[in-house]
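Both complexes below contain chain A, partnered by chain B and then by chain C.
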Partner chain A sequence: MSADRRTLVTLAVLAMMWLVLNRLTDGVFLTPRNLANLAVQSSVVGILACGMVLVIVARHIDLSVGSLLGFTGMVVAALQAEWLPESGWTWPVALIGALLLGAALGAWQGAWVAYGRLPAFVVTLAGLLAFRGAAWLVSDGRTVSPLLPQHALLGGGIEGFVGARWSWILGALGVAALVGLRTRARARRIRVGVPVRPLPAEVFELASVCAGILAFVAVMNAYTLPRSDVARGIPVPVLILIAVAVGLSVLARSTRFGRHVFAVGGSPQAAERVGIDVRRVSVGVFALMGVLCAVAGIVTTARLEAATSSMGTLAELQAIAAAVLGGTSLAGGVGSVGGAVLGAIVMQTLDNGMVLLGISSPARQICIGGVLLVAVWLDGALRRRAER
Partner chain B sequence: MSAPVVELRGLAKRFGGVHAVEDVSLALQAGEVMGIVGHNGAGKSTLMQMLAGSLRPDAGGIRLDGRPVRLASPRDARRLGIEALYQDLALADNLDAVANVFLGREHTTRMGFLDEGAMELSAREVLARVRPDFPDVRRPVAQLSGGQRQAVAIARAIEFHARVLILDEPTAALGPAETHAVGDVVRRLRDEGVGVFLVSHDLHDVFALSDRIAVMRGGRLEALVNRGDTDPDALVELLVGGAGPAPA
Partner chain C sequence: MRWTALAAALLLWLAPAARGDELRVGVSWSNFQEERWKTDEAALREALSRRGARYLSTDAQSSTEKQLADVESLVVRGVDALVIVAQDAHAIGPAVALARAEGIPVVAYDRLVEAPGVFYLSFDNREVGRVQARTIHALRPRGRYVFIKGAAQDPNSDFVHAGQLDVLQPAIDRGDIQVVGDQFVDGWLPDVAQRVMEQILTAAGNGVDAVVCSNDAMAGAVIAALRAQGLTDVPVSGQDGDKAALNRVARGLQAVSVWKDSRALGERAAEVATALARGTRPDAVPGRIAFAGGPRGATVDAILLEPTPVTRDNLHVVLEAGWIERGALCRGTRRDPPPACEPSEAMP
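And then the complex of A and B:
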């Protein structure tokens, strides 16, 4: 089963879950308000899952992402609330500082894996402990607040939406970019004389994706500010997730680095033999994951409008679960960024739906654990059947 | 005959006190297939690993186009056009044939993105040369047969201008039909002017495909015979040493 087809299966399962939950909640689940909430709730785990796919594809694992999210989030909060003098530069410096910190710590862990020849499980387990401790030390365990008012916009709070007009503009730009790139790629294949897919199939797929984008914008615009008909539009954290997902998808599929990540995951010996610098690929993958932890830390603090020393606890396991639900193979070499984002939405859908149904938190955890188990078992069974 | 493309002169390699290869000299012409036969431990693999840059000879030298070369690593050898295909083929099973042919040497557009169109075009051309019946170039190579996978590895070598190809037991894991297809590939390589060393246990394969056959025994070159001057039975005698020493 190709990664694309696997993603379609996930999409179909998600659609079914939405319809069932909508029936069970008497139409509450599929309201614009709930869908906007669902999108914002999925953003942090979705961002982490995008990076986790590449880590797992390269035959590694990263257990430190929750703690690194906590540490970088704590630093971005402390920078703007306590360490930096207040000026126009405070906010951008805090954000860039957190991203650089994430990249450096990710690369540090990657270097231990690549050059220290330690299993990623051990290195990032050490990171899980150390970064959580570091987050605590930044503030002696205190909650850091208040943050700068503009920071909250990144979390999608009451003002963290881009409005109806910008949502349509962004949606239209997305559609135009997609149609333009696909058309150019097809024209190029025809020009050099490489076979192309049948035109109706290509048009149908492109039209479906474009319809999906526009439907998403329409739903987000249907959610209005309280006691008014002013549309909120796309929440900022969801835009951040979309940007991360598109960026990483392009990186994974259309760059040499992405190709090498998949080659290393498929066969490290083969990659080495053809001259790929396997160790540099490992460092790159962990550095990227570190940056995404910082992005997730920024969004988390923006949503909380504060930083706590326990932020992101267990987020690594949610990110791994999302990646696996989205079709990433823990054996390495197989996975897709789009699938991982869908996996994050599937998990959040279960949680959100069960909250609406009034199911208690412990019962929800048991249920999500069970679904993860069954989903991965089914996936494996389907794969084995497809390979025969 | 023209000048040899590669020449081994007095190569020797010792592991501890054991002479794995002792004073072996061979010359391979462009467009020639040379079979290398011998029992386990006869020195075939050691000899070929020195040519592929994986082992450093203790004595002797290697000349390419008449010029002495130093092969410190497989990368050096590959850069000079000497490519070795081992049984694991060095393929990434999760990637398709196009990706594998260009693995580590991907073509990119001016923007720095992978140029899939150009790579697929070249991959199709070179795969068609190696194996005209090659199926879908966009399927993960894990789903291909052993012979088809070998074609991908050979296509990669040709795409990057290999002039000397070392095939180590190319038919060991293949069925009869696939073995036959590999034979066609080897003949096509020869017609394109690639020099091929064919290392094999299977005397019949070697006999069917090689122009000359080097027989190794105990690290020494026991005999170097033209295919036309011998037959499989005579080869077996040389292998076990029944015919007495017949140095090259």
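And then the complex of A and C:
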């Protein structure tokens, strides 16, 4: 089954779930407000899942992401609320500091994996324990708040939206970029004589993706501020997720580093023989994951308008589940960033809808566990049939 | 010659020191990693020394097995009374039995141990829930209520919620209060509480008048979710006296944080432990009740302390207790300061 077909199947399943939940909640599920909720609630796990895809594709695993999220989130909060003197530079310095810390700790873990020749499972299990302890030590377990007012903008709270005009501008830019890139790619394929898909099929696919983008913008603009008709537009954490997902997709498909990750995941020995520095790829993948943990930590603290030492508990498992739901193979070499984002949305859809229905948390956990199992089994079964 | 003197000194030093007749109280802590136990320890230690008792302590570092060995070593060191913060209420059983066999009285500190001969000393968790509900109910006698409870697996979640219902059930039955949301939160995690609250608000179309939330960390997340909808006048409860939560109370964002003054608990523990060590019968300890509210329903001697509701009007209690510094409490309250943060008080 091709990656595109697979994405279509996932989308169809997601649409079914949305329609069923909408029916069960008497139309509340598909309101612009709840879709905005869903988008914001999926953003943290979505950001982590994008990085987790590359980690798993490179035949590794990262169990430390939840703890690293907690640690970097704690640091970004402590930097702006306690450690740095208050000035115009406080906020950017805090954000950059957290991102650098994430990158450094990620690279450190990657180095143990690549040069210390330890299994990633062990290294990141150590990270899971150590970073959670470090998060605790930052403030002796205290909750750090209040944070700077502008920090909350990144969390999609009452002001954390870009407004109707900017939403349309961004949507239009997205559509223009997509159409431009696709047309250029097609022209190039024709020029060098590579077979292309029939024009109507290509146009239809492009048109539906563009329609999807514009529909998303329209829905986000239909959600207004309370007691007014001022459109909120796209929430900032969702923009961050989109930027991360687009950035990593490009990285994975069109850069040397991305292709090396997939080559190493396909066969490390073969990759080594063709001259790829397998170790450097490992360090790079973990460093990237570390940066994304910091991004997720920043979004989490912005959403809570505080930092708590338990932030991100179990986020590593949600990120792995989202990646796997999105078609990433735990054997390595196969996976897509877009699929992982879809996986994160599927998981959050279940949780979001079931809380609307008032279902208790133990029942929700059972249900989400069951869906994960069935979805991955079904995927495997379909793939085996397609290969036969 | 010199060697003989040295050897004699060594022998003297090695000979067991004569034991004074001071009382020795052994304390087995479960885990010093958590911030609050340091406050407890300081209070307990100080109260013991004031009573002329010696303080011996061990830290089990969250290990059930280590705690068994810790208690054994305290017994060997000849303590007259034991105070135990049980890492695991059931697994501590053999250690308690060992101490009881030696005739050493055992005080279960903060966490219940349902074993014969144990004296249970804690805050009344059910009362915590009652205090939360009472404060919120006074602010919103009728309307649409949401309950944000702790982890479903934690018996404390049930104690607290039972207390909340003690107060609110009559109003719910009369129809004065409609419950529009009632959810457990996995692991008491704030990020989960925030998502749950967002969904409850969505389902209710923002029709929420009050939130009875079981602890402070989740209350912060609930308040963030409310603010994202522009709802600033919905009272929210909490517990623990978290510093961030007390600051929210000062800024008028959170209605109440139910505070358990661990210094009071430490003081009482020292009092009870020394009394029992001096031979007072457990049922003769002042303030003692028979407690049978544990999961197994066994009856133990107990003292349950009343928690303190901290609201905007009585914030000075946490200041005076040294629980929080004025700067941390009053940050961001310049525009509308609560009584405890008024500038006049800062002037000497």
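The rule is short, and it goes like this: the second predicted complex is superposed on the first by the 388 of 388 C-alpha atoms of A that agree within 3 Å, B and C clash if a C-alpha of one lies under 4 Å from a C-alpha of the other, contacts with A are read in each partner's own complex, and residues count from 1 in each chain.
Please note the rule applied: contacts are C-beta pairs under 8 Å (C-beta built on N, C-alpha and C of every residue); 3 or more make two chains touch, one makes a residue touch a chain.
Everything quoted here is computed from the prediction, not taken from an experiment.
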Exercise. Clash or fit: chain B and chain C on chain A?
Worked result: fit
For this session: With the two complexes superposed on chain A, say which partner A:Q269 touches: chain B (first), chain C (second), both, or neither.
Result: first
For this session: In the overlay, answer first, second, both or neither for which of chain B and chain C A:V376 touches.
Result: neither
Exercise. When the two structures are laid over each other on chain A, which of chain B and chain C touches more residues of chain A?
Worked result: C
Exercise. Between chain B (first) and chain C (second), which does A:V192 come into contact with in this model arrangement: first, second, both, or neither?
Worked result: first
For this session: Look at A:D140 in the shared chain and tell me whether it touches chain B only, chain C only, both, or neither; answer first, second, both or neither.
Result: second
For this session: Kindly classify A:S254 by the partners it touches after superposition: chain B alone (first), chain C alone (second), both, or neither?
Result: first
Exercise. Between chain B (first) and chain C (second), which, if any, makes contact with A:V334: first, second, both or neither?
Worked result: first
For this session: Determine, under the contact definition given at the top, whether A:R227 touches first (chain B), second (chain C), both, or neither.
Result: second
For this session: Specify the angle subtended at the CA centre of chain A by the CA centres of chain B and chain C, expressed in degrees to the nearest 10.
Result: 130
Exercise. Once both structures are aligned on chain A, how many angstrom separate the closest C-alpha atoms of chain B and chain C?
Worked result: 38
Exercise. Can you name the residues of chain A that touch chain C in the complex?
Worked result: 25, 28, 31, 33-34, 37, 40-41, 44, 136, 140-146, 155-158, 160, 225-227, 300, 303-306, 308, 310-314, 351-352, 355-356, 358, 360-362, 365
Seminar exercise, completed: The residues of chain C that touch chain A in their complex are 33-35, 152, 181-191, 194-196, 198-200, 202-203, 206, 216-217, 220-221, 224, 227-231, 242-245, 247-248, 331-332
Problem set entry | Sites on chain B touched by chain A in the complex | 74-75, 78, 88-95, 99, 103-106, 108, 112-114, 116-118, 120-121, 124, 143, 156
Problem set entry | Residue ranges of chain A touching chain B (in the complex, touch as defined) | 185, 188-189, 191-194, 250, 253-256, 259-260, 262-263, 265-267, 269-271, 273-276, 333-334, 387
